[in-house]
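Here's a structure for you.
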Amino acid sequence: MSDALQDRLFAELESYPLIDPHTHINPHAAASTTLADILGYHYYTELAHSAGLPQGVIEEEGISPKEKVARLVPKMAAIENTVQYSWLLDMCRDFFGFEDESLTEQNWEALYDKAEAAMAQDDWEQQVLKKSKLDQVYLTNDFDDPLAGFDTSLYVPCLRTDDLVFHLVKPEVRQRLQKATNSELGTVEELQAALTELFKHFKQNGARACAISIPPDFSPAAVEAGDVASIWLRLTQDESVADREKALLSQFVFWQLAKNCADFQLPFDLMIGVNRRVYEAGVFQGQDLYDRRTSLIQYRTLFNAFPQVTFPISVLTHNANQELVSYSWIFPNVVANGHWWYSNTPAYIEPDCRARLTAIPKTKYVGYYSDMYKLEFALPKFRMYRRVLAKVLAEDFVQGQKWSEKRALDLGHLILRGNVETIFGR
Amino acid sequence: MSDALQDRLFAELESYPLIDPHTHINPHAAASTTLADILGYHYYTELAHSAGLPQGVIEEEGISPKEKVARLVPKMAAIENTVQYSWLLDMCRDFFGFEDESLTEQNWEALYDKAEAAMAQDDWEQQVLKKSKLDQVYLTNDFDDPLAGFDTSLYVPCLRTDDLVFHLVKPEVRQRLQKATNSELGTVEELQAALTELFKHFKQNGARACAISIPPDFSPAAVEAGDVASIWLRLTQDESVADREKALLSQFVFWQLAKNCADFQLPFDLMIGVNRRVYEAGVFQGQDLYDRRTSLIQYRTLFNAFPQVTFPISVLTHNANQELVSYSWIFPNVVANGHWWYSNTPAYIEPDCRARLTAIPKTKYVGYYSDMYKLEFALPKFRMYRRVLAKVLAEDFVQGQKWSEKRALDLGHLILRGNVETIFGR
Amino acid sequence: MSDALQDRLFAELESYPLIDPHTHINPHAAASTTLADILGYHYYTELAHSAGLPQGVIEEEGISPKEKVARLVPKMAAIENTVQYSWLLDMCRDFFGFEDESLTEQNWEALYDKAEAAMAQDDWEQQVLKKSKLDQVYLTNDFDDPLAGFDTSLYVPCLRTDDLVFHLVKPEVRQRLQKATNSELGTVEELQAALTELFKHFKQNGARACAISIPPDFSPAAVEAGDVASIWLRLTQDESVADREKALLSQFVFWQLAKNCADFQLPFDLMIGVNRRVYEAGVFQGQDLYDRRTSLIQYRTLFNAFPQVTFPISVLTHNANQELVSYSWIFPNVVANGHWWYSNTPAYIEPDCRARLTAIPKTKYVGYYSDMYKLEFALPKFRMYRRVLAKVLAEDFVQGQKWSEKRALDLGHLILRGNVETIFGR
């Protein structure tokens, strides 16, 4: 009975139109143009590299998209067990009618050509959106993105702030900020004003969130302008600044962002726990790992200082999930957000989803976002999540709590869609 | 077959009379008098607050119990998915014949009145004890509790020592200790004598344990009287004492407690991992969270120094459960105790129970305690645990190891009841 | 259907001949001679001790094997719930035809005698190997093991290096190294040469790996000869060396081993996370525990510096498993290896196996090793693992991904056997 029940719930969950609240879509080139856009996704290049394909073979300059796919396909057998590979099959089947069990050296080329033809259609992007039931797709925009030339009601801007918090010590980042805000940045006050300008610009263009990914050892603190005035001066005059001072500047900028989130009524998406470039010889976007020894206690000052700001939080590790459950249960302004990156496999989604769904107010869990770079990925990734959600709803609510299927599905809808609207605004 | 098997085992487990080895029951007012005693439990107030109900609305001074419930009920829909809410329904159904699916703005008042009438019966407390099959209820007594005016064979005293270890630097706590022990406390030796007095008093009144909750960063150490003599002197003379010295004093008092546990043959309940007042604007008892980065290695000195003392240990996080399993497996004096607070939801109880039950000697796992403040909560909380226990017994023993149901139930009885008697004494 | 499917897959997995890639077998006395060799395994002595049997009773000098078993048997009832006890029953049943439900004070002596007779057969070792389907058994050899007098194609040498990295400060260890390599060790260069000699010796004798167990706080670093030359000199002249300097020397030796693994093309088995002698009054081999707060980020320098060395990694805790999954997913030279010690119970193997099998390239997970001291243990331990593997293959691949049973079994074979051959060589 349980299998049939799960299948029924899953089928219903699959029918709900979605808002995808976190992606890396380029709104000017949202859909793929060849299979290389799909197989070139870091999940495949890094796994192929992990299985033995040299970085230089994968990322050789000047090779054609077709050549890139030709080089990756032979390594696919080595990763056929992974859930990431199952996304690939799902896309090939649903978008291109692929019917084989595996992608092989024998069958890939026909698929490549078929996909290329499909993707060449004028309305391919709309086809993918429709097939994937995507009503809206949130973006990850650089702070100096002009946000022009696309439909911001479909592709919703979000202000990504990693560069501001962690890379403002680089002259090129400061120059980008100067240019984007047409300001001098000679003083901390001017920096503050520039940050405010960014929020105005994003808010005027329909932004729904400010977002940042954060290393495991970062702790927000109420650093004020006066604390960093001299550091900023020296930095802008190319004088030496100690690491400790750079860290203070990061905390200052972070705190300013939180203040602006309060002023501009934007949620502040925190994606906590990633160390960048741990494996420097890895493929593009396949170099980041982590130190799992991080705690939300590092954010206590922040959560207490900004009760009016909503913090949708993603944690990189399953280890951290219980803290996220507990902090969301206690802090009104903390919300559990999706299943991120290294925790985005069913082996971790299922226990994490179950723990959240049975202990946090139902209004405070945003079920899923795809994190995708190309539109085609929403379908298989959300499908993976919906399967897990169907299982948890079946086992813990319909069977465990004797809920009706209707009631369980209403909960599922809230988690998948309703909370996105409530928390990020419509 | 598995579902039917679990149901059979569960039904049997439900029939066993219990000793609840850790509660916060006030023996002078053990049962609830209105539904506000139930909905006022921090699990509901903090979740309602988390879901958006302001602290000031929940805890406004002077409002009647009925008004309090009236204010909380509208937020119950937002937490209907939580296991905590399922306890509420279980209580309403089993104690007051409530038959609706949810507690709503439409039906709560009738339930309130019905509950009030039921609770007004002279023998309500006895009814609850009987219905919940509670033979004994262990208390959490302040060190200066006179332990008088109640039946200590039903409501069993336990000496709670958080104040002594962590708050003795406060003059009011020292005054309470002076008064309770009728001593001077001018010297460390007098402090030692006073602590011994407390143990005498508690032991004479049938106490079964000394207990304490501990922050994640605390490490017991063999600090002796000579190490803190001058600190104590300055403290009692209102001279300045550094934080480092206060920490040393905490370690000293803790070590004295362990010595007294040895001398008076009392188990020392350690509840490890809570940070108090992390969310200071939260509701009463809804402000505590944690830093999950704690380890039982911090207790190695203690466990080695006191082989004659049993340490029933509760860990706040699922992350810490494997350490508890491993330390209980190696140290004869370490015992796994219940499923505490943020780990007290089925999503964590199940894996934690399974890991314990398949790797620790069966005599060293105290299955559950309710941690309740009002008697009505034992029934739904133990029921939740018994359901999980039935599942683990069915899957891992009857099906996995081909045990007979009888044998699995004997194991269940030991975990639920037998070990409480053996470990805490009868 | 799922149960029958699991049983079918399990039966097939049980039929595969094995290579056991990590054991503590003494090739000169591989099989047991009495039941005391089995019940004397630290898993039973430490659990019996944990359940209350004094260390002095278990390890009294001069008692006969039979007396030792007689003393342990009465405590077996207290650990009958553990998976470790189920191994015992499996061995007694499969090797000695034991048919009772439990090992008791009534039936143990007949079993003891029966086992002794069986073990006295000339070909007992061969019988066990055959019944357990063991083609090869990897050893754990001290660095000064002559590796003579046994069939190294059956019992494959591996160079264990804990003593070299962590105990070279002890004169007796340096003397053993001098003697084994016939060298002076007066300078660091001589130490380097001696280490190289060891690798030559082991490689010539068919060694398949260099291995080490590591405490949670160790971090490899590129310490070169010049950094420790003066430390080494003072050490060899019995002058005082600070703890900090000893730690530097450990890092130096460790780095030399990694270099030698590169030069001699040997995998470097890292078993990460154990603290030795935490419970000093425990039984033999029953004293080690851990601090779970360790991270693979401590190994980033190592993994980056030696891309040509394969690092099969065992983690002591379930907490650490996701890092192992992620690091194996990103680093081509990191491989997930078995389920070690405190994580070697089904409650942890199942989630850990599932997380690995659905996210790491299938070629990079060595399913299991027995870690056994006596040959008889391979059978029940691998059986436990194969049961879990059958469950994961059934649920996640045949049911979840609609794989054929044949395809799932091919994956199972790779994990159980194929990867051992590929990663450690044949």
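Order of writing sets the labels: A, B and C. Residues in every chain begin at 1.
Operating definition for what follows: contacts are C-beta pairs under 8 Å (C-beta built on N, C-alpha and C of every residue); 3 or more make two chains touch, one makes a residue touch a chain.
Values in this document were obtained by computation on a predicted structure and should not be read as measured data.
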Task: Could you draw the chains as nodes, link the ones that touch, and say if you get a line, ring, star, complete or other?
output: complete
Task: Tell me the angle, as a multiple of 5 degrees, of the rotation that maps subunit A onto subunit B over the C-alpha atoms.
output: 120
Message: Centroid from C-alpha atoms only, then distance subunit B to subunit C, rounded to Å. What do you get?
response: 39
Where subunit B touches two or more other chains, by residue: 293, 319, 351
Query: Tell me, which parts of subunit C touch subunit A in their complex?
result: 293, 295-297, 300, 303-304, 307, 319-320, 322-323, 325-332, 351, 354-355, 357-364, 396-397, 400-401, 407, 411
Field: Residue ranges of subunit B in contact with subunit A within the complex
entry: 46-47, 49-52, 78-84, 86, 101, 275, 278-282, 286-293, 317-319, 342-343, 345-348, 351
